[in-house]
Amino acid sequence: MKKIIVFVAIVVSAVLFLAQAGMSSGTIKIGAVQPLSGNLAVYGQGFKMAIDLAVDEINANGGIKGKKLEVIYEDGKGTAKDSVAAVRKLIDVDKVPVILGPAASTNFLAVAPICERAHVVLIGAESASPAITKAGDYIFRVFPSDKLQGKGVADLVIKLGYKKVPVLYINNDWGKGLKDEFVKNFTKKGGKILSEIPYDQGKTDYRAQLLKIKQLHPKAAVALVYVKDGAVIFKQAYELGIQTQWITGSAAKSGKLIKLAGKAVEGLIGTYPNFSTTSPQYKHFVALWKKKYGDKKIGIFAEYNYDMVHLVAKAIAKGGTTPDGIRKALYEVSKGYKGVTGDKTFDANGDVGSAYGVWMVKDGKIVTRK
Amino acid sequence: MTNYLLHILIVCEIIIPFALGLQLEIGETGLYNFGHVAFFGISAYASALLTTHGIPFMGALFASLALAGLFAWGVGYPILRLRGDYFGLAMLGFAEIMRKIFLNESWLTRGPMGIPGIPRPSFFGVPIHTLPRFAIFYGLFVIAAAFAVYHVTRSPLGRVFHAIRDDEYSASAVGKDTFRFRRTSLLMGTLLAALGGVFWAHYITFISPSDFTLNETILALLIVVIGGRWGMAGTILATFFVIGFQEGLRFLPLPESFGRLIAPMQQMFFGLVLVLIVLKREKSWFHKGDRLAQG
Amino acid sequence: MSLFLQSLLDGLIAGSIYALFAVGLTLIYGTLHFINFAHGELIMAGAYFAYLFMMPPLHLSPFISGGCAIVGVVCLALLMDRSVFSPLRNANSLLLLIASLGISLFFQNLAQVIWGAEIRTFPFPLERGISLGPVVITPVQAWILIIAAGAIFLLYLFLKFTRAGKAIRSVSDNPRLAKTFGVETERVIRFVWIVAASLAAVGGVLYAADTNLEPHMGTINLVRAFAAVLLGGVGNVWGALIGGIVIGLSENLGVLILPIGYKDAIAFCVIILLLLFRPEGILGVRWGVR
Amino acid sequence: MLRVENLSKRFGGVWAVRDCSLQTKDWHAVGVIGPNGSGKTTLFHLITGFYTPDSGKIFFKGEEIQALPTHQIVRAGIGRTFQLSRVFESLSLLDNLLIARRDIPGEKVIALFTRWGKVRESEEVATSRAFAYLNLMGLGEKAKEPAGNLSYGQRKLLELARTLMLDPSLILLDEPAAGINPTLTRKIISVIQSLKKEGKRFLIIEHNMDVIISLCDWVYVLDAGAVIASGPPGIIRSDPAVLEAYFGK
């Protein structure tokens, strides 16, 4: 019993001490909640690299009005509970005016009401759920809503001339949100959904789902998948001898997919939020990345994270370090802002628009399809 | 800073009833309920759905407790006939099936999308929207719940629970309807878990199926195993200890490449703690006689 | 119809792997009288050990890697027994259950620390399955069926004709004897661990070859194995074999009727229904290797 | 008082009790003897509802009880002890006794929170009774200690006291004198004898023939689950069938 009390006392005093220590320096602090451990940790590290890249660039160019920008990272562990705790800590202990929000819409949606109520700006670079549009006045994102991508996939399927498709989707917030938007748009355009088949993330065997598709003998099938489970699915489909045109979204667009699934994904077609890879902004970004990280591959959503940090820095420079100032300034500085990922003008809901392109796997490479 | 500590306090106030429920079942009665989280989830979902459809908080609270109790009653009727490890496994199965239902019955639960925008509670017109208010409001319930548990464990009813934990056959040999008492214990434990579930939903304001996994039951089990030796007070202290430990890790100055490993290493540590405590087993606490024939 | 046949074949393949898991679990349950939650982690360890040996820098052939995995898992199982279960020989089965839960938690997350949470795959070449009339089977799957059948046949020979096998049968036949834990029983218990761990390793490797690997793969397979154990009757080796195949079939055929999201819940449903209506198992023999 | 008719119970393929019939008539104490494994304890488990018989009937005070659950059989007035005594080890001696009553108000959830006074009153009344039994057994001084601290023989006494708290009309004793020293054995015999005078009835399994002879009015002999002989203890002792059962094979 005594030991417990002593332990609690130590923890509390350590917390107080560290919090005091953090108050002193003369930098501008912003918060970031990323999945640094847990299931999404693979991505979290990449997001962090992109954020650091932008922060270093800003600080190398004199910071914000002479003050250095500093990001306090908290681990959201990829779960709603821990993301909430992390955001609480950032708001209450570190008293940051802006938080770079957690990946995965579930987590983002869990923390959004807290930021909204605390009047702290929350901005995301990965979360695509349509529900975020209405999450509040202090909530922004530089990534396009799935409303747009769902429509994009539906357009693509119609354009390719398929009228009847089954849709296989990952049974989480992202997959289901995207699936709903796709189904809505596809049926509106006269298409017919043969079957809606959910699957759970992180399982090792998806043959039962694939057999349902095989039985339908569709000419084409839509699979809204991530990279890792997508690789498993396409491989098992190949082994089962399913001959169909697979169509997917942006989340699977990665060289890793091809590395994992090889010839099983040959011919795969997908949409992705399009931004020019010939723009000067993009070239600048790539050069910067190479300089800092060498040959390390540019991670997924890295460009969005990079744009996000620059937007936030501009807003702080214009609106000051109060959340309300930043919130107002974000609308102003984003107007017509051309980032790496294109036009980042926020609409009234804090959403951005996007163009969509089409990618496909050809001869073991991801190519843009005209 | 105070707000952050208040946040941790509130999280503890959510977990305490949840853990106390399991303490009542495992520690006092010897009911190894490995599906405790199911009732936490049922009431969280019920309360979230009711309040987002306009039912006032207090009404939703009692309706959710009642619903969780009803589930416990219904599930308990067949499963409580099983003993020891079989009971635990069947409850684990029940919890896993409930999670699949949360995940797949989207028409009701919105499936993996979760339920966002759960309203903050209000108590007879007083809105509970700031951290101090949450801490006090939940705290009052926790104190009431703890008092009730304390009262029960020291009462003739608690005596029967202990007797069943010590030796169920003897308990029926002194005329106790052990089935009925086991069910009473399960119901009480469930109501406590359900209280935690409602608190959780209305504090976080967002719930999704991934909040209600076996990991949550293991967390409560860990708390009970650490604190159970000292009964209710031990459980409450152990809750602060475990939650404090989890949150304390945030302030450890660990190298960044290490960050990815924190969550699994913490779980490894928890696993180790379970094993070590069992190896140092407290004979007085764990229940014994689950066999009728001895020799 | 082809869907049904294909599901039947997939169920049979999965079931023959589950059968290997179930036999080990039922032997442990039959002799030591507790549900070993960590059995799932033996399965997981088997898969990851084989993966370790198959990948660079070692690059061993699948069969040699599998053999190494068996040795590794047996050592791991004996270590578990030595350090945790053996001091608890006379403890309540629920204490053992909690201890094994702790072990399971420990190793599951250790695997995640070492290999990360993501799905991994054995480096087999990707091949189209061979069409046999209406059904498709990949060469790997054909190997799985052969190896699983071989393992079961070896187990039969072992239990039937070796001294150690006979000793296991007699202990498993007579649970009261096993409760006394003499020197002789300790030796038998060691054999039981070796057999159970080898089968878990073989099954784990086959499972990973058929599907993929991830650190939490043990849990769901433990559940399937336990359902199979209950189906066959606790402690009944041949019952567990049949139970495993039934679970494999019911999972793969069940999704033809049930919504697909409930596939992993099927084993749990089987457990609950069996516990409620036929706790002595479908085959009706409560104890014994027969 | 108790009548068992053609009772049978099988485990696996083995008959534990087979076509067993016996009755206690108006004898004060009836003994059940027989070699190990002859089904004596199984018979007790059947009478007290721990096992359900495969066939046969059990009558208590004229009512059929073989289908009732244990707690109802106990309420009907049958108390028992176990061969290897089973006390509630984490409960105090006093609580071990206090729990063994019928209709305790404090065991009902609603009464527990609303009728505080009644709960306390009932406990106080019972406490004085419990102390009377504890003192009778010579355990009064240890009343607040957990029962886990007791020695083997003391557990037997506590178990008997616990059974008495139930105020049963028939008490089933499973080897009350096994494995305890002669002083304690004498103590138990004297306690049982004084209880007999108070009108309690006993059914006793015992290997110690001295105990049987000093206590019992009638003896049944079981072998392989069936009654092979019965009669007054002095005569049954030299019955050839009994000798055969014990020593013959």
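Should a chain be cited, it is by its letter among A, B, C and D, assigned in written order, with residues numbered from 1 in that chain.
Definition applied: contacts are C-beta pairs under 8 Å (C-beta built on N, C-alpha and C of every residue); 3 or more make two chains touch, one makes a residue touch a chain.
Here the structure is a predicted model, which means the values were calculated and not measured.
Participant: Give me the fewest steps it takes to get from subunit A to subunit D if each step has to go to a chain it touches.
Facilitator: 2
Participant: I'd like to verify one number: the distance from the centre of subunit A to the centre of subunit C, where each centre is the average of its C-alpha atoms, in whole angstrom.
Facilitator: 38
Participant: How big is the gap, in whole Å, between where the Cα atoms of subunit B centre and where those of subunit C centre?
Facilitator: Using C-alpha averages as centres, the distance is 31 Å.
Participant: Using the touch rule from the top of the page, what residues of subunit C touch 2 or more other chains?
Facilitator: Touching at least two other chains: 116-117, 261, 264.
Participant: Could you list which residues of subunit B touch at least two other chains?
Facilitator: Residues 103-104, 260-261, 264, 288, 295 of subunit B each touch two or more of the other chains.
Participant: Hunt down the residues of subunit A that sit against at least two other chains at once, touch-wise.
Facilitator: 38, 41, 171, 198, 200
Participant: Please classify the inter-chain touch graph. Allowed labels: line, ring, star, complete, other.
Facilitator: Topology of touching chains reads as other, fitting no named class.
Participant: Once the touch criterion is applied, which pairs of chains come out as touching?
Facilitator: Taking the chains two at a time, the touching pairs are A-B, A-C, B-C, B-D.
Participant: Along subunit D, where are the residues that touch subunit B in the complex?
Facilitator: Touch residues, subunit D against subunit B: 45, 48-50, 69-71, 74-75, 79-80, 82-84, 86-91, 95, 98-100, 102, 104-109, 112-113, 119, 123, 146, 148, 162-163, 165-166.
Participant: List the residues on subunit C that touch subunit B in their complex, please.
Facilitator: It is residues 34-35, 84, 87-88, 91-99, 101-110, 112-113, 116-117, 176, 219, 223, 226, 259, 261-262, 264-265, 268-269, 271-272, 275-276, 279 of subunit C that touch subunit B.
Participant: Under the stated contact criterion, what part of subunit B meets subunit D in this complex?
Facilitator: 148, 151-152, 155-157, 159-160, 162-163, 165-167, 169-178, 181, 184, 188, 283-285, 288-289, 292, 294-295
Participant: Touching subunit A in the complex: which residues of subunit C?
Facilitator: It is residues 2-3, 6-7, 10, 14, 116-119, 121, 126-129, 131, 136, 138, 207-208, 210-214, 216-217, 251-252, 255, 260-261, 263-264 of subunit C that touch subunit A.
Participant: Going by the contact rule set out above, which residues of subunit A touch subunit B in the complex?
Facilitator: Its residues touching subunit B are 1, 4-5, 7-8, 11-12, 14-16, 18-19, 36-38, 41, 44-45, 74-75, 77, 79-81, 84-86, 88-89, 91-93, 106, 109-110, 112-114, 117, 129, 131, 135, 171-173, 175-177, 198, 200.
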